[in-house]
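One structure follows; several queries about it will come next.
Chains: A, B, C and D, in written order; residue numbering restarts at 1 for each.
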């Protein structure tokens, strides 16, 4: 059975390590914050200038001067800090962020990603996505395995304009955990009850399968 | 020489059609509300506006867009504005989309006298078209140029009569770098104090970067997405 | 994961011969006294030291020079040290002199993931030898490269257990940029407080840049030129 | 009669304007601070990270964490600010400093300057001098007209390693105020009692003399 978006987030949270600084994109990635293991020290980075994103505020504590990169009102954690945009992206570009999680339209088996522009539709802009994918050491894409029409999102080549090349390291979809290796996609885990064949069928590129593929442990 | 001016109208009076203006803020957070309203009233046209976002319909930069005062917009994300969308799709407004970190760094570089620098963002994408690419230590980069503007409009939390500025929380965002990059930088502040009252160790923007400063008023501080927890 | 360590000896224990170390400070102001003493005791040799100055005889970096621990020095001004002078003139130490602003910017760039950038400083001088030169808007510039180091030793006034740092007065100088550029950045602070006690708007170095932090002790804070008025 | 170093500083102070941000080098340039006209708002920049250099401290207020670029203990003025070295040189390189005053070994009629290195002598380094001369819009050299041996310091070509090229705008020496124009040195003012001929004789390059050259008004 394919994962819910909450389960995708939960699985991604297993990639976190103590002491990590993490940037979570809009959508499913944001949900990862809800599954940080208790007692683990993970600091969330918001590219508009905040380290230490806290939960949404209570109604009486809403502060228009305190938002995240999705322009939502937030709070900050103890030991958090605020800074300007150029320093915020110095953290990203300089490789100081340990993990970046973001969504995608398409991902290739070379780690290319398209996520910002659909020709013919209104172009809103890339925001910080190009900076993040070009610079982060460790990029995980959180996505459904296929789009609304059932077309594979994991492919040989992106059909949409690129956000970055050779950058994605891992994909956690509703069907599988897939690593991007020098030889292409490699299946690491299956969603509970989802077969290897289903994953292969719904992926538009070869997948390396080595031995038994375990189910995710959620 | 006093940097103190009375209000936003005085700040913008010399702005001419066709000039470039940087405007601080991220979404509607930390935008120079008074200065935007003043340039709206002033009516200057064919402006080149540099701002991370383009406001919303009828507020922030959206006001200038509605009045067709903007010829070109340089931004990283412009999606929250129907009138902007219309002008963009019809080709009435020119739009230059820049990756957010590259935009911030280009502005800082402009203020710091660095004419160009290399970044990885955008390599292999359409952002790289027409740009010089180059390898350093086995990784590919684009050359990006520093950026300055005729004016920078910034909004700070506190400021003093010497032009020193302090920001609050995420209302800093692009304001700090833009303050460095305006040929004329005008700051509006929520609280204006005499020189000497701010802790000299805590200044985000030293006064050398600020040519004019005034006490802002009637801040609306609209919120785009009010998200709350129980 | 705690960044807190007990002392300077623990901070430097993994340093190997031949590693590169950035050391904050300007003259003797804001230098990481505890860490310098610890690397002196530790005894690592053939170090590449990056610091604006080279200390004085027997204090600051001068201690490491006296013990012949430094193979190469990258600095902007090294003049206050007889033993250094001797080693430099005899060729025992390699010295790379970099204009001060270029040095600061190379370090910031290294920390910010910018592999190279252009500056006007040094154009037409021996500093430009072997470097790419290039014209932007009719003015000539040199290409300079970003710089990182295996370790950065920085000294702050206040710090917290998350690694956030605040500097006092001109003791900031190179510490802030170096904190960004160390593969491992170690901060010693005069006053260490629990996370949450420092104002989040007033942090000079956000904790993300700092891997280890400890409470320093016995600061001498020597003054090179005590100038007073009546 | 040639000027004292104090008079050189006094004459340079006449170049200040209200609202200026000024960087003063070590030596004679530092003395300019003593002659800022009363009521004029001039802010002194120190490249180690201070805007608003105040007078030397009283003995009991000496603070080792508060020094100028010459490593002397100083104070700061009301409305002053402290910042890191990269921002300090952003002020310089970005053209935000209105006036830079520094000393020199030699200056040419093209505005080249040598000030940091004498071959055969211990090389201490350029410090911030190369950044300052390469970036400042307005650079005045404060110097004696000749060196200790009576050799001209104003020349066609520098014999010593350069600090920067085409950068010096004006020279205030103990004998003259000289502008550096596209056509070379141009005499603007004479020290009281010093003749045009003496200035010409002690300058190792042609000097443009137009009309009567007034004496400095000190």
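Please note the rule applied: a residue touches a chain if its C-beta (ideal position, glycine included) is under 8 Å from a C-beta of that chain, and two chains touch if they have at least 3 such contacts.
Model, not experiment: these values are computed from the prediction.
A.B. asks: Tell me which has more C-beta contacts between its two chains, A-B or A-C.
C.D. replies: Answer to which pair has more contacts is A-B.
A.B. asks: Centroid from C-alpha atoms only, then distance subunit A to subunit B, rounded to Å. What do you get?
C.D. replies: Spacing between the chain centres: roughly 29 Å.
A.B. asks: Between subunit A and subunit D, what is the gap in Å from one C-alpha centre to the other?
C.D. replies: 55
A.B. asks: Can you compute the centre-to-centre distance for subunit B and subunit C, using the mean CA position of each chain? Integer Å is fine.
C.D. replies: Using C-alpha averages as centres, the distance is 33 Å.
A.B. asks: With chain centres defined as C-alpha means, what is the inter-centre distance between subunit A and subunit C in Å?
C.D. replies: That gives a centre separation of 36 Å.
A.B. asks: Can you list every residue of subunit B that touches 2 or more other chains, as numbers and ranges?
C.D. replies: Residues 105, 108, 112-114, 119-120, 167-169, 200-201 of subunit B each touch two or more of the other chains.
A.B. asks: Going by the contact rule already set, what residues in subunit A reach two or more other chains?
C.D. replies: 76, 82-83, 86, 89, 92-93, 135
A.B. asks: Taking touching chains as linked, do they make an open path (line), a single closed cycle (ring), a hub with spokes (star), an all-linked set (complete), or other?
C.D. replies: other
A.B. asks: Kindly provide every pair of chains that touch.
C.D. replies: Touching chain pairs, listed by label, come out as A-B, A-C, B-C, B-D, C-D.
A.B. asks: Touching residues of subunit B toward subunit C in the complex: what are they?
C.D. replies: 105, 109, 112-120, 136-137, 139, 141, 145, 166-169, 200-202
A.B. asks: Under the definition above, what is the set of subunit D residues touching subunit C in their complex?
C.D. replies: The touching residues are 46-50, 55-59, 62-74, 76, 82-86, 88-89, 92-93, 112, 122-131, 134-135, 161-166.
A.B. asks: Please output the residues of subunit A touching subunit C within their complex, sorted ascending.
C.D. replies: That would be residues 18-19, 21, 41, 43, 45, 51-52, 76, 78-83, 86-87, 89-97, 135 of subunit A.
A.B. asks: Show me the residue ranges of subunit C that touch subunit A in the complex, using the header's touch definition.
C.D. replies: 1, 3, 108, 110-114, 160-162, 164, 180, 195-196, 200-201, 203, 206-209
A.B. asks: For the complex, give me every residue of subunit C touching subunit D.
C.D. replies: 26-30, 52, 75-79, 85, 88-89, 97, 99-105, 107-108, 119-127, 157, 167-177, 204, 221-230
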